[in-house]
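By written order: A, B and C. Residues from 1 in each chain.
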């Protein structure tokens, strides 16, 4: 990676009450990335974003923006701008005044302000509403004002705090595409905070998953999904079946282990003998069949259908095997009349390819 | 809410006693005062009577209020009140602001500390100020140690203004606190984030967005200042007379009730004017009130 | 380069800024120093109350033995008690009516109720003086035995207190969930039963707060009492006023301290009573 635009080095934030919001976090974010901080509420992602903007300062560590340590620089001296969760569009100013505010207070020449405000409003398609007051606008429109207001400052980094959370479902999809488009056209690094994995997966080029103030994994969306580093990431990103197992022995590149409800199975991995692991399998990787699968290399077990939930495009089936092992299986409803093809109480077989299993130790 | 016609019995049971009380012991007395303001002392056998009046003789009392002597006092009352209000605002704003940004566990205590003097008798607080400011008071004692003074700090405009600020400051803090507390702090953060300095943020965002509280506070302090009687009486003495003292004098020492009544009504009109102004500003800046 | 922030300090953490702490200290000092010196010098042996000469309780026993001062204090407490009682009932009635009913000219009626709050005290004082004298009520009450001779002052106090009570009680009622009332009626309670078992308990904190406000307003009032009291009836503030006009004396300090303690205790008690119950631990 070339010189990162934002480098977070060993940053910790301890609140006066003793709560550690961010615990020794290090992240490098490259120029032009669409980077997401993803995690459950209270994981420290918003605090981290606010520390990049300067609205909070770390108790220790460096925040290098554009090659300069700005950990203690006030927000008005940083080349970052933020789109607030509540938008924070000034209610006593018109749309145009809002967009011009950041330029005016930093002494940009008035003709230049005029040009850039027009350009900014054009970018978010609000030119017609330039003289409106925010209280006459919808949530989506106010968010566009907030976006334009931040972008006309031409920051090195644009920070977005839960940008889609206050919008209804339909608007959310539009805005998601809009944000991706904007990021491509303006070529500014975007850092977005979200608790919604779909948002992060669909927009971001890279994601940092956080929990309890610490980064659990930094990776591209597909890597996170298919190669989660630990149980938390596997469980937080998408749905997953986690099966407890103990490693019994090693054979070349694969291990044999004793898994709950499955008995002895072989999976490609290099985990040490004797360690207890979790076998993670995504529900859509599982197949249901009425009879015992012929293929010898697949992992398989027999069980009883406990629940079938219909979601339109898919059905989620829960199957109970031996030792109380419950597995979720996603079945594509690919024919109109077939449905999931199984009923509650039915005896079925579940199978999956061993390479679709992920072995997790943490 | 119910229409009153749906349950007249309950409506009248609730409404009649307080309404009758207010009419009998407030509106009718004001009516007496109103009539008195257009009356004159009766002249019986060439002598001005002390107890008898000729009612509704004209607006002579009001015209008299615009004689230069009284006009000076009215004008002085206005500027003393305005100055005291401004000083209240200047001291109360940082206090209200500071309480809003204080750690959560300190807020109730700090608020209590501001409000507590308000519950202590006005007379006692004014008396306490006299003890501090008199020639042999503590302020002069302290100044004496430094080698200046003693100064005559009582019985002048300064003493009255200080006293009014001291007495009415809580009235300013409360509405300001309420609006600043309600103000979404992300507006301030957004302003800082967009490159504005702390000072610019304060002037361009904080002050405009807390304007409703400022106006409320200003009116809440200005009105009682303008009508104050006790503070100028005890702290101002003969040198700093305000309109309240003139009214008192008409009803006590000078025994000119009609003129006192006219002055009272002028004071009330001024009060209503201030209230109307507040209402006007409030209704115009509806969008600002967040 | 602009001033850097301290580690862990945000740009809006004004509470940790030194200048604000100093300003707070200064303003609170100005606010409290006069009152604290007043209280302190009530224990001073020096007659003129200028220099600290030593601790004594003499001023208190002198104030206690000063019959006219005690009489004034008793009058004040009796007036405050009676005025609070009547004002709380009247205020609650207004609040209930405004909360429950829609009626023509309601806005005007609200303005009418707010009049005693907004008009200058001195105007109200002289209006009531005029009224009492001209209606003969002044002579009527002056001729009455104690405590009936306080009647005109009580009436005046009720008039300026009950609109305040109405405001406090009404702001409490605004938060009432109307469905509780409907649920009560749905369960078979009559209008009257619903009122006593649902609405009154809900109003209670507002009633207590309103009553305490009325009590302090009445106890504190000087201006209106000054105009409406007869020559023989003196309240504590009026008495203190006549003493203060004659000069500073440690005896006034003692009496004032007693009144300060009464009001502060009442206020703190009121706030305690009003505060929502703390969630139980565990």
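By definition in this document, a contact is a pair of C-beta atoms (placed from the backbone, for glycine too) under 8 Å apart; a residue touches a chain by one contact, two chains touch by 3 or more.
Source: prediction; values computed, not measured.
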* Asked: Line, ring, star, complete or other: which describes how these chains touch one another?
  -> complete
* To do: Consider the two chain pairs A-B and B-C; indicate the one with the greater count of contacting C-beta pairs.
  => B-C
* Please compute the C-alpha centroid of subunit A, do the same for subunit B, then give the distance between them in whole Å. => 57
* What is the distance in Å between the mean C-alpha positions of subunit B and subunit C? -> 17
* Structure fact -> Listed in rising order, subunit B residues that touch 2 or more other chains are 103, 189, 192
* To do: Would you pick out the residues of subunit C that each touch at least 2 other chains?
  => 11-12
* Structure fact -> Residue ranges of subunit A touching at least 2 other chains are 16, 54-55, 74-76
* Asked: So in the complex, which bits of subunit B are touching subunit C?
  -> 1-4, 7, 10-11, 13-15, 17-18, 21-22, 25-30, 32-33, 36, 91, 94-95, 97-98, 101-103, 106, 110, 112-114, 116-117, 119-132, 134, 136, 138, 166, 169, 185, 188-189, 192, 198, 223-224, 226-227, 229-230, 234, 244, 247-248, 251, 257, 260-261, 264-265, 267-268, 271, 275
* Structure fact -> Seen from subunit A, its contact residues with subunit C in the complex are 13-14, 16, 50, 54-60, 71-77
* To do: Quick one: which bits of subunit C touch subunit B in the complex? Just the residue numbers, please.
  => 11-15, 20, 23-24, 27-28, 30-35, 37-38, 41, 48-50, 89-91, 93-94, 96-97, 99-103, 112-113, 115-116, 118-124, 126-131, 134, 155-156, 158-159, 162-163, 166, 191, 216, 219-220, 222-223, 227, 237, 240-241, 244-245, 248, 252-253, 256, 259-260, 263-264, 267-268, 271
* Over in the complex, which subunit B residues touch subunit A? Could you list them? => 103, 184, 186-187, 189-197, 200, 204-205, 208-209, 287-288, 290
* Structure fact -> In their shared complex, subunit B is touched by residues of subunit A numbered 16, 53-55, 74-76, 80-82, 84-86, 88, 90-92, 101-102, 105-106, 133, 135, 146, 149-150, 153
